[in-house]
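What follows is a group of structures, each given as structure tokens.
There are two complexes below, and they share chain A, which is joined by chain B in the first and by chain C in the second.
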Partner chain A sequence: MDAFQTLTWEDAWYLAPEIVLSCFTILLIALDLLLPKRVNRNVIGWLTLAGLLVAGAFVVILMTAVNGPETDSASGTRVLLGGSYQLDDFGNLLKLAFLGASAFIVFSSLGTVRDEDVPIKGELYYLVLPAVLGAMVMASSADLITLFIGLELLSITSYILVAARKSSRISSEAAFKYVVTGGVASAFVLYGMSFLYGITGTTNVSLMRSVLASTSDQFEALLYVSFFLMIAGFAVKLALAPFHAWASDVYQGAPTPVAAFLAVVAKGAAFAMVYRIFANTFTSGGGLDGAVREDILLALSVLAAAAMIVGTVGALRQRNVKRLLALSGVANAGILLIPLSTLFANPMHESLVSEFIYFLVAYAFMNIGAFTVLTIVSRDSGNESLSGFSGLYHRAPWTAIAMTVLLCSLAGLPVTGGFFGKLFILFGTVQVHKYWLAAILLVTTVISYAVYFGLIRQMYMRSGSLDSGLRMTVPAAIVIGLCTLATLALGFLPMPILGWINDIFSVPVDLVMFQG
Partner chain B sequence: MSMLSSYLTLAAVLFCIGLYGVLTKRNAIIVLLSIELMLNAVNLNLIAFSKYGVQPSLAGQIFSLFTISVAAAEAAVGIAVLIVLYRGRASVNVDEFDELRG
Partner chain C sequence: MLDDLPVLSLIVLAPLLGALIVLALPSARSNWLRITAIIFTLIPFILTLWLFADYQPAVGGGAYTEHSTWLSIPLNQEQFNASVTSLKLVFDYHLAVDGISLPLLLLTGVVSTMSALASVHIRKRWKTYYSLFLLLLTGIYGVFLARDLVLFFIFFEVTLIPMFFLIGIWGYYGREKAATRFLIYNGLGSAAMLLSFLILIATLGFSAVEGAGGVNLLFGGNYDTILSNLSNPAAYANVDNDLTHQFGLYLNDQTKWTAFVLLLIAFGIKVPIFPFHTWMLRVHTEAPPPVVMIHSGILLKMGVYGLIRFAMFLFPEQLHAWTGVIAVLGVINILYGAILACVQTEFKLVLAYSSISHMGIVLLGIASLEEVGLQGAIYQSVSHGLISALLFLIVGSIYERTNTTQLSELGGLARSVPFISGVLLLGGLASLGLPGLSGFVGEFLSFLGMFGSMKIVTAIGVLGILFAAVYVLRSILNITYGSLPEQYVGMKDARFIEALPMITLAALIILLGVYPSILTDLMQHGFSGFLEQIHTRMGG
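Coming up: the complex of A and B.
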């Protein structure tokens, strides 16, 4: 690596989405401070939304620029900042997903979150920006230090967001639990990283790969220690069983839009980081191979299986809808981990990242939709229990139908995005002959029908205690509608979308880093 | 290598003490302190590797600088959350933070 590289204008242009988000954050903090108290804080919400959309537009522009014919590098990727940052399709697609998901969440909470619930609403909006910035850094970093900074930027901001219901006792309790579990998880990840650094002498994951190729057999024991510590830390961040106990508590205490943010963006970003680190150190033709790699991938498969089983079975007995969605998120995190555990299996499984991204996008839409419906319903009924949904069809038929579609997608019924997401991952698992994992995926899916149909039964078959119509807000209605339509679109057009991701994507080029 | 292994042992002991503290202590402030202990164990590890490692390099020292500043930010947020929590309950006993349950 060269001694010092100055930041050129060209680099700054490639970092435009990140720079836009940081500028918007600083401006909105100042604006929130200077605006008189009587001004409605929805202004900040709209500006946050604008920031997210501008950053998203830049990501799209950069994505076409990097993939366009005028690029000099054949790989279609750009390495920035001394090899610590990489612009590629894996990062860009995930950045788009994170920005879109956050924009939906911010938009749905405009006018929906009540003042008595979240007294300082400006913070709820503008703190989303640094959190998404952290997620974006995690999606395209190639260096352990930058990955860690991204992770902490996201985590520390989410701690504050969880505590946003200042007057609520359970909100601050949830935030404290999140701080403690999150801090311990960070310590585990870091401790694992420190051993990886000690073995290779570098923090850059692509340099690490070439060093590991020659030295991995000397340090087998340390490699096991390092990777299992990291897996334990990441499993907490991803809420994989048996490290998932915090998730239902934190989601229950957090404001509902923040819970959606944690379920979609925070989880997706942690997955991005896991894929980056593992795919880079495991690459065939360099990096780890042999027994160590097989054992680590087996550990990931076992974690995925445990998460699917524990999440689904736990959700069966759950009466609180927020906790139910948290546990369904645990099960879905297990499913999202499956493609990684098929990495570099024999026979080679090429399309695993496309499957992962497809299901992540489907998961994002169905979760944001379901959480938004929950926000509206719990605002009306005053609690988050299952009974709040009873008779929803008779009060608000369209909301009930939308929720039914979203729940069918969560359950994995055709014709929805969730169905095809699960189907693609199932095919991938069978393709690499991991039949036991495929069997667990199928069985837990069938069990999960009971969970989601319980909710659907409440909406259609029971008569509710409330007779008046549901008080819907316009932004929330739009978000629910869009999420439902997107879920259906992913269900009706799965092959074009998956084909498009497959076209622009290949693991060796876009996920694995090459030091230029 | 003997220097390295003694530093690594010390870091491992610190990490375990920290983890033990997080899991068993009742006082919320001690819990936060224990997390700091775990993060400092990591710093010790990084610096030991950057001086006595198989491939010594400066990256470990730089990594530890980042870890220290991030740990400070995390502690600040942790204490702030704890103050909000204390206002509501007038207690820092972790055993009493039990209102969230399914």
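Coming up: the complex of A and C.
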């Protein structure tokens, strides 16, 4: 394969969403610089939103082009840039999710984020674009180098975003913590990658798969080293216990929309990268076989179990809602890891990757909704503690009902998206006879009832200190409403989205890459 | 005319519709809310009555079965060869009725209607109250009707959320703790149930259907499929070879036991069986009386129903091997509940422990695995549902007048409220198993069924009846006789709206006491098929 290839016009067309985002970023930075101070920075917010939507439209167009009637789903991929970039449905679905989630987050913060909290608001908006660009690169790359570049682009922009509350010490502290742990994590990932490169002699993920199939027996020890270094690094990015300690601090310090971004987009992108690399190397069915793979699957299951237990139990005593949501994110990250740890264990349930995507979508909706409610409530009460939610039902019944739905979904109660997401993942776990993992998932789910219903209790059964109605902004209300409806729709009618994913998505074609 | 309607769906959905209508009504109009709620509790009740009248035991519930595919989720079939056209995970919307669920449906209809009438005691936030109340009913009816494992689970969970609010908002002093405890304990039960169900779906729920283009493989939660796969030696779950192992389809003995024990725990918490009962005491004492009527009268019976429908029908071999264990658990329930009921100073706790004791008798009936005993188990469930609903109805009326349910602070009520006291005495007598009232029939049948196989255990269990006489008479005499404290002198007796449910429940208790075959005939046909089946499966 040629190391250097020129970018053709056709390639550029397939990279349209990424190029759109880059252009919008540059334009908005310039615009923010040139616009006079008195102009409200919401303009930049709206333009950011426009950029995200245009990129999303291009993703949809490309998806239909790739999966068009003339091409069957088996050939529904395009390999670009010398095999380092791959346009497939795994990437495209996640790109859509990232763009949609970011659009929701940006929209909800329009007019909701206060000037005294985030003094330079333009930044808060336009920096989302390079961050999403990084996430998209992570979802679509097929080469360790481009994957890592995507990871760094996302990470570095999020470090700045976390520090957006410039007058707040806690925000600066959070950003600093995030830089340090994030940097260490990146180093671990890179170190692990270098071993993988050493074993296989290539940075291309699809080539690795075939090389590993023939050479893996000679390098067992190195494979373990590589895996554990990489998973340690990724576990930090994914906020999986015991590598999650930064998450609550960083979420607490960051502006709430940024916390939502970290919880949904940054985490989802890291998952995309983990699935892409691992499904082709460590957990791949054809590449690596035997004891090493079993050990690696076990390690992933243990990590998932630890995250679910630590996240849920930690959230029990948490009085700060943002930290509570951070810890709930830890538990959910554990659940999202389960499909990977059971991948290819039983030929009957290969499509667990689509269940992963389904739960990720449900998770995105319920988290963005919950974080938006938190933004609104904490704006009124002045803090993010549980007591801010006291008597919310009497002040703002619709918000309280929406929050109840979102929390039920987080708790995995029917009939919501969270319920079906968990059910499908659970079913796959039971199918491969990993009953202990299923039991841990179920028990932590029940413990999490206490967490989420603690919040519900505050809303319905306590009287709050504030009597006035909740000051809601229109964009936030729309986002909360949409998230709630989507959560319910995913619960009552999971068929359309699951059927659609299944129609276009195929594990061997879209995630595992054979073209090497 | 009614034949063409989807009666079962109407029963399930009518309360849900009612809940939505209640939500749309103005919250200040308490009378509108109340009347709407009562109407929408009556609709499913009348439909179940019609079902009862129309039901032909010989035919079974076949005529009413409603079955359609709800979700059909494609799984990836690329690992297979071209002859496999699809691999799917299918959840059905499947409702059915038979001689076992019908008595419990009737019970639900009666108790929920009476509870809706008794909800006049609720003093705040009517709109929220009635909408949650109706949502709860949808869940309960759904549980008794659902024949798809996932659908059953969903209805089971749907009852949790409204109960949490009903306890936590309208309960007494310790309501929030009671609500949380209710949620966690029942959540654990549901978790065990879901794990067991998924094991069953992943093994027994598998079927291969020859279609036009090739074979369609599917995993489904259909109860009938699972039941027939269990007894079919050619089903994949029963074939022990490399293929079924590779695909994780084979259900070995160990997994069967796991699934069975998980079901036992799941429904044991709901019943509740002895070490899992603490949550239920709290709910009995802290929830508002109309909600306890539902809880004690119906929700506990969901546990019994689940034990029979799933643990027993699906795993008779395992249950047969464990009859001793279950019988002993039953006896422990009976004696533990009865003895502790004798020393309580709070009337609601007396009733709570008495419930534990009575549910022990149900367990004995199930453990007998004989027709008489099984009929007794259901009969006892229905009878206890009516009795405890009546008693808690009275608790509500007494509390409204005296603001206490402490035995030491009550006394002499027979003089000021003779009607309530009279009904209380009747309920008490039914509870201690006086012949001629419904409690006697249930207890008698259960013990009789058990006596054949385990005489000593049964004999010990019967002691519970002795204690029942002690605690019932002790507390009721304490409440109705003796000197009347001064502050209770001018009390008014039951109003019409209170008396109506009391009279209805009392009449039904007497009816079931003197005319048991009204229900036993139904149940006979429900169980006879099962008994034949286990005799063939276990070799006679």
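In this section, the second predicted complex is superposed on the first by the 499 of 516 C-alpha atoms of A that agree within 3 Å, B and C clash if a C-alpha of one lies under 4 Å from a C-alpha of the other, contacts with A are read in each partner's own complex, and residues count from 1 in each chain.
The working rule: a residue touches a chain if its C-beta (ideal position, glycine included) is under 8 Å from a C-beta of that chain, and two chains touch if they have at least 3 such contacts.
What you see is a predicted model; the values in this text were computed from it and never measured.
Undergrad: Considering only the touch criterion stated at the top, classify A:25 as touching first (chain B), second (chain C), both, or neither.
TA: Neither partner.
Undergrad: Please indicate which partner A:502 is in contact with in the superposed arrangement: first for chain B, second for chain C, both, or neither.
TA: In the superposition, A:502 touches chain C alone.
Undergrad: Which holds for A:141: it touches chain B only (first), chain C only (second), both, or neither?
TA: In the superposition, A:141 touches no partner, neither chain B nor chain C.
Undergrad: Pick one for A:226: touches chain B only (first), chain C only (second), both, or neither.
TA: neither
Undergrad: On the A-aligned overlay, A:341 touches which partner chain: chain B = first, chain C = second, or both, or neither?
TA: So A:341 meets neither chain B nor chain C here.
Undergrad: After lining up the shared chain so the two structures overlap, which partner does A:438 touch, if you call chain B first and chain C second: first, second, both or neither?
TA: Only chain C; A:438 stays clear of chain B.
Undergrad: Touching A:215, do we find chain B (first), chain C (second), both, or neither?
TA: In the superposed model, A:215 contacts chain B only, not chain C.
Undergrad: State whether A:414 touches chain B only (first), chain C only (second), both chains, or neither.
TA: In the superposition, A:414 touches chain C alone.
Undergrad: So in the superposed three-chain picture, is A:450 touching just chain B, just chain C, both, or none of them (first/second/both/neither)?
TA: Touch partner of A:450: chain C, not chain B.
Undergrad: Which residues of chain A are in contact with chain B in one complex and with chain C in the other?
TA: Correct list for chain A: none, the interfaces share no residue.
Undergrad: Touching residues of chain A toward chain C in the complex: what are they?
TA: Of all residues in chain A, those touching chain C are 346-351, 354, 408, 413-415, 419, 423-424, 426-427, 430-433, 435, 438-439, 442-443, 445-447, 449-450, 453-454, 456-457, 460-461, 494-495, 498-499, 502, 506-508.
Undergrad: Which chain B residues qualify as touching chain A in the complex?
TA: Touching chain A from chain B are residues 15, 18-19, 22, 28, 31-32, 35, 38-39, 41-42, 45-46, 48-50, 53-57, 59-60, 62-63, 66-67, 70, 73-74, 77-78, 80-82, 84-85, 88-89, 97, 99-102.
Undergrad: Report the residues of chain A in contact with chain B in the complex, numbered from low to high.
TA: 144-145, 148-149, 152, 155-156, 159-160, 163, 166, 169-170, 172-177, 179-180, 183-184, 186-187, 190-191, 193-195, 197-203, 211, 215, 219, 248-249, 252-253, 317-320, 323
Undergrad: List the residues on chain C that touch chain A in their complex, please.
TA: The contact residues of chain C facing chain A are 71-76, 78-80, 87, 89, 150, 153-154, 157-158, 160-161, 164-165, 168-169, 175-176, 179-180, 183-184, 187-188, 190-192, 194-195, 198-199, 201-202, 219, 246-249, 258.
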